[in-house]
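You will see chain A twice below: alongside chain B first, and alongside chain C after that.
Take a look at the complex of A and B:
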């Protein structure tokens, strides 16, 4: 009985900030009253017309897309190497890598970036590419973990061995077995990466140059202005995160089905 | 495939991580340890260091305890539901995992800030709005807000363990005369203690190293270690070796908490 009531209370706690942000974003005036008065969409129009927010939105999108591209380009081969390796040491190293985003705060990584990349030999601070590099370090572990787990669950090795006995080359196996089998987990890994990258604040806040500030960095400034404007600007970020969560869950369900079908065969 | 071609596949990522992860971390360590222990001594003598350490410990303990307790209760309830319902609810519970810390901060300002929705509601019920409105901006209030993105991590970690738990054991205990509470305490809890410890450590490490939500809620006045580090870094003419020493200590603390969590996790695996 008690767990049920805690769950009910928890869902209220979970839903209330989301609901208040949506209500506030459509409210005309919200000053010391329980809820705002009047209904308007002007705050959204204001955010959309604000050059800072437009530029920040594009910067965030660019960083998220480039991070995703890199995750596939360097992360997928790494995931495959981790999956195929016999070495216990490599597996242990991969497990350490999965823990990194938590064990190594984004703030400390950002400070390390400031120390290394503001030097004369590597003067890259302020460049959007450096921001992308940081996001890759932050989110690659999540991508890797999703994809490696899926490789293990699918029993990819058996399929590959079967193909090898039929005379296929490693490249053929990679493009005709590994990639098609992994398409859903790669997609769901990328959705996680995009969602986390677009919302990321702690690293970008210190590393982004003034002209390539990302959306969350600009959003913080809005908190000191009109409530409606701040709500609308936050809701845009919130909506992106919600879309990512639901699409991600949908794709993950497809991936789970795929493995069940594999078991039946 | 031969081991050598594996190396080749991993090489681009390894080189990338060497430049953009190992090098920055090494730079922090070198800066911190470059003058022996002197940078650390300077950190300890900063007037805000000890209050910040106290604030961080309070925040971490409160947030991790609340999150583990609530997360366990929610997971326990979800584990009893039919699978379809459980999947749907799990999706909802997982939503905050992709939320930016800023969304959480502003949502809580709207709800529990000085003129927040719940602050006013509680005011009507007789509570002093001035006290409640200020509470959000203390380490305890920050713990309340941080639990928003910590509880989902606990639920996601514990739920599979509870779903796989054989409930017949509780039925047997109760048929032998145990109350439901006793059955939970003596039959279920010992079996999930290790995963609970693991979840506690995970969320403790997350909240110990985070500054985003705190900065958005309170600015840099709140005394916790990551915000102190943030102020040190963003001030001009700062003492970089001292900042590096502080960064190294925060990382060491997070890594130590995570390692403890891993130890709990491996104990559970052995138990299985």
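Take a look at the complex of A and C:
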């Protein structure tokens, strides 16, 4: 019985801030009471009408999409190279790369960027492209990890060998086997990247220029104003994150269903 | 089919970096329609040999011919080997018929025609009506059949099967074994099957090739392999054995830990160290207490399997294993003279 109570307590601990945010976002007036009074959607309309938030939302979206594009363009070939390599050195390098987000917090990366890109030779601080560049550094390892793991799980190596013995050219193998077999892996990798990118605060807060602040950065400002407004703005971010994680779970389940039982030995 | 063997491997060698594993100087011919089963303990180079034939690994020495053509330096895709991989390697995103039709697709056969051929081949392997399913929705045995159909549909020069039955449960394995044999005979294609299971090897093969440490120890029809193994390794790998070391004391007798064993006439010098092989099922419980090669025995271990018993006996200073259908107590055993073979000592 005790483990169940622990589970319930932990769930409450997790869920209560989210529940409060949700309640707060629909509450009309919330002053010094446990719960707000009145029901309204005005906070959402306010957020939607706020030019700062609209701009921030677009900036976040832009950064997430550009980071995704770069992950596919750079990450997919890189993942394939890591997967196919015989060299111990490349494998070691890949392991270091995977650990990078843990070893190097966003804060450290941001300070590095500030040092380098505030110089006269590289005066790009404040540019949205610099923000994108930083996000690529931060999220590429997650993408790589997802895709390489799926390549191993699918037994891509043997699939390619099979296709080769059946008479396909390298180009045919890439378009008939590698790409289609990996489409769900790429998708789930990208969902992780988008979810992380949209929610990122530390790095973006330090690097973003005033006109391309991302959503979480602007969100912080909201808490100096009306509580309901802040709650509504946060719920929007939360909804995006939930959508991403549910889509991710769904895609992962699809990928698992595709994997052939014979590979699981 | 040409008069040449469909597959000829001549003095093929390959060593992996580090030099500890690989295959060395392997020569095997496979005739059209013949099924050769290659057997050996894990790490003996079975799969390496298969990869040398397919071209997935290059020969460092020796040559490979397929259908009379020297393919030693030919590309993998031009060799036209149909392979059933251990993990089946079905393309997970393609339906059953698309998997089977894939070799035709890359040969630019048009869609209707390749669908027709794929369906025909699926019929052959007993998978009619499964065309539209995804591989993941099939059982292990069904996936195996798809892999087989895909490997055969483009009329390859040879069929190579890498431990095709190892991922299946015991019941499916036996029925699949017969299926593979049936389809292989029907297609009349030169085939090489890799396994580490001796029942599989003996029951499937036209000839069995035994590999050890990357070298071909013996290649022979199953019965010959069992009855006249080249050495103690082959003898014990392919069946249960009594290996008895002894010293020659007469032109037809050897002194061993069990006692003096009368053997078929031999040409060994007096006093030579020899190793004798007696298969457990050739040793009979004896009702008489004396006679040629009759020894008093004490049962040490008795395993009952219904139809037969596997018994370990203490005889003289040594041990004997016997397989028998005789019930009841056993106090004496008889080794028929003809059941005794000489093996080379290493």
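To be clear about the criterion, the second predicted complex is superposed on the first by the 258 of 265 C-alpha atoms of A that agree within 3 Å, B and C clash if a C-alpha of one lies under 4 Å from a C-alpha of the other, contacts with A are read in each partner's own complex, and residues count from 1 in each chain.
Everything below uses one rule, namely that a contact is a pair of C-beta atoms (placed from the backbone, for glycine too) under 8 Å apart; a residue touches a chain by one contact, two chains touch by 3 or more.
None of the values given here were measured: they were computed from a predicted structure.
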item	value
Touched partner set for A:39, first chain B, second chain C, both or neither	neither
First, second, both or neither for A:49, with chain B first and chain C second	neither
Which superposed partner A:155 touches (first chain B, second chain C, both, neither)	second
Which of chain B and chain C A:242 touches, first, second, both or neither	first
First (chain B), second (chain C), both or neither touched by A:168	second
Chain B versus chain C as contact partner of A:216, first or second or both or neither	first
Chain A: partner with more touched residues, chain B or chain C	B
Overlap of the chain B and chain C footprints on chain A, listed as residue numbers	none
Complex contacts: residues of chain A adjacent to chain B	2-4, 6-7, 10-11, 13-14, 16-18, 20-21, 24, 31-32, 34-35, 70, 73-75, 77-78, 80-82, 84-87, 97, 99-100, 102-117, 133-134, 136-137, 140, 170, 192, 195-196, 198-202, 205-206, 216, 219-220, 223, 227, 230-231, 234, 237-238, 241-242, 244-246, 248-249
Footprint of chain A on chain B - complex, ascending	1, 3, 5-7, 9-10, 12-14, 16-17, 20-21, 23-25, 27-28, 31, 70, 73-74, 76-78, 91-111, 115, 117-118, 120-121, 148, 151, 202, 205-206, 209-212, 215-216, 226, 229-230, 233-234, 240, 243-244, 247, 250-251, 254-255, 258, 262
Residues of chain C defined as touching chain A within the complex	54, 56, 76-77, 79-83, 85, 87-94, 102-103, 105-107, 134-136, 139-140, 143, 150, 154, 167
Chain C contact footprint on chain A (complex, rising order)	154-155, 158-159, 161-169, 172, 176-177, 180-181, 183, 257-263, 265
